[in-house]
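Next up: the structures, one after another.
Note that subunit A is present in both complexes that follow, paired respectively with subunit B and with subunit C.
Up next, the complex of A and B:
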């Protein structure tokens, strides 16, 4: 990310202060980590319900994933290669009484006590659809499969911009199957996403985008992703009226996950996949910015759409 | 925990198989970590709503916490001393292109690549009420304060018993204030918890309990906790008809958090605290065991209580 101008930074700080003042977010002392109020959560669930209904019952089975996932998925999805700086692994303590005494002594001495911890078999969830793919290994039916999934994701990018949270939920609609089905799914949901988010009074638009691939090699991957228009984002002014924020993303993965998890179309080819991910916290923040920090006072059509 | 008998293990395995067969839980390959179906999540939210309504509007402000929290809380709550074996710290990668190349090489060679990661400022949330206390530092009003909180907690105790998940939610009602207010809160909520859970057709009872304090020193702490009846659990047959499972716990913390977070009563004494934590996943599993794996077919009074 390019450094933001002073005006943008000031506007973000003012929005953050407004949210904190209203009790919607409570800072924790760690940048990008907040407690959320009951009102905030009610909006999150309203957005979730609105998105679910937009699938017209054709979203497929719904799964809720835990905020942790098997650590090996980071390797299988290639996340370790593409986004090492964003992910989080979990470490645990497996020692006995003597190690524990050393651990406590280190903590008392102000030393780094986490050195007594060892990598666990789990990591923080990297994207809401990642835990889905290993359940699909094998041959798919004709026409592919659709799944509706939700989970907390982790991104280690501490920031005081309230839209950049370290822990947030994505609500996704995923397709896995034939290549043309994947593109059609992405395009249909991109339209549908613009429609339902625009219907909430948000000033949304679709933009070609790229993921924040890591390092020197990543710059080429990002350029390639843009050139092939694999990724679109639905953007909207949230914490800045000048720099728009992605509140939803619609992606074609080509055969990336099909190959990685040995998911095949009926004719034996690696399956293609696509997803749209509604960023529940960011959409909630966009609504709070647009309609004010008290959802009780939002326009009745917005309230009706969220809580029918 | 004492090793379970073969009968108990077999019954747990059968219940797990039933849940997987019904598509309610999907195994991830890591013991104690599952994907949950939309139906499972609907029950979780139904239980949450039932508990919320039981507070009769007197539960205080509601907060939803992220599944991660500032790591320093593990030290301030003394969790690092009491339950080091259950907690999880988060590590992140902060290196450059060269470190990344080494990291990928290690992964390719099948070596432990997490050694390239370093402790982050966050850890997995240890208990749903822990992130609350630092927000209460200072002097409380007369009569104390009440808060309703929810969050995902992590416990590293991999198990094939479906009730022992590594990642699960607690929905808590917390009181912080004068000592007699804390005991009264705990006792009132224990009664209320028995009432609402019993009303769902669950065979519940309250039992004196203790936390699983770590190591040799922990055995004394556990015995002391039982002797002073600080902790009660609401238990119920879930995955075993013989060995009951705690589905809710009601606790007095005395001045533990008041001292740790400098929370004071109006007369300047360290505040006492108490909480009841409804284990949303375990209550959901108890209901699935009691009434069958298809909530659509549960008795109408149970459905009415969960989804009024």
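Up next, the complex of A and C:
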């Protein structure tokens, strides 16, 4: 990420201050981690409902995932290779009385007590759709499957920009099946996403994008991803009127998860997958920026779309 | 240079075809080179030729054939 200009930084800080002042977000002392108010949460649920209704009942079974997932998924999804700097694993204490005494002594001495902890079998969820794929191993029906999923995601990129939270939710519509079905799913949902978000008065557009792959190898993966237009983002001005923020992303994964989780089409080929992920917190922040920090005073058509 | 490039491909490209028999102009992606494998090819070439590809060369087209790899390496000063 290129460093932001002073103007952009100042605008972000002002928006953050406005949200805190209005009681919408409460800072925790850690950058990118906030408590959210009831009003904020009501908007999140309004956006979730709006996206859900846009599927016209064809989104497939709905699942809500826990904020943690089996740690081995980080390897199988290739997240370890692509985004080692963003992920988080859970560490736990498994020692005995003696270790506990050493732990407390370290804490009392102001030392790093976390060294007495060891990685558990779980990690923080990296993307909302990742826990879905292991449940699909095997042969899929003709025409593939669709799933509507939601989960908390963790990204370790502490920032004072309110749109860059360490913990946030994605509400996703996933397709797994034949290659042409995956592309059609992504394209249809990209259109639908632009329509419903634009309908909320947001200045949205679709842009070719790339994931923030790690390191030099990552620069090549990012260039490949852009060249093959696998990823689109719906962007909108949120904390900066100059630098747009991605509030939704629509992705084709080709056979990445099909191969990793042995998910096959009826003819035995690795399944292709695609998803659209609505960034619930970012859409909520976009609305708060666009219409003001008090949702009670938002235009009636926007309120009607969120809370019919 | 051709044979060292082919050695790197054998070790890193994980191609389902015989690298020795590949035409110099053959499209490696069509031959089965994946995005992740192409990264390993890039790193393997850097080790084998003791070079570092600059950012503007870190793209798909640089590694699309043995000929394009050879051309990139020549631009980095690698000689036969």
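Operating definition for what follows: the second predicted complex is superposed on the first by the 308 of 308 C-alpha atoms of A that agree within 3 Å, B and C clash if a C-alpha of one lies under 4 Å from a C-alpha of the other, contacts with A are read in each partner's own complex, and residues count from 1 in each chain.
Simple rule for what comes next: a residue touches a chain if its C-beta (ideal position, glycine included) is under 8 Å from a C-beta of that chain, and two chains touch if they have at least 3 such contacts.
Model, not experiment: these values are computed from the prediction.
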>> So in the superposed three-chain picture, is A:94 touching just subunit B, just subunit C, both, or none of them (first/second/both/neither)?
In response: first
> Now for A:156: first (subunit B), second (subunit C), both, or neither, which partner does it touch?
Replying inline: first
>> Just checking: does A:124 make contact with subunit B only, subunit C only, both, or neither of them? Give me first, second, both or neither.
In response: first
> Between subunit B (first) and subunit C (second), which does A:102 come into contact with in this model arrangement: first, second, both, or neither?
Replying inline: neither
>> Quick one: is A:269 in contact with subunit B, with subunit C, with both, or with neither? Answer first, second, both or neither.
In response: neither
>> According to the stated criteria, A:195 is in contact with first (subunit B), second (subunit C), both, or neither; which is it?
In response: neither
> What is the contact status of A:219 with respect to subunit B (first) and subunit C (second): first, second, both, or neither?
Replying inline: second
> Looking at the overlay, what does A:81 touch: subunit B (first), subunit C (second), both, or neither?
Replying inline: both
> Once the complexes are superposed, what residues of subunit A are shared between the subunit B interface and the subunit C interface?
Replying inline: 81, 216-217
> Touching subunit A in the complex: which residues of subunit B?
Replying inline: 23, 26, 28-30, 33-38, 40-41, 61-70, 75, 80-81, 84-85, 87-97, 100, 103-104, 107, 112-114, 117, 119-122, 124, 131-132, 134-135, 148, 152, 154, 156, 158, 165-167, 214-217
>> Going by the contact rule set out above, which residues of subunit A touch subunit C in the complex?
In response: 78, 81, 216-217, 219-221, 223-225, 227-228
> Which residues of subunit C touch subunit A in the complex?
Replying inline: 35-36, 38-39, 42-43, 53, 55, 58-60
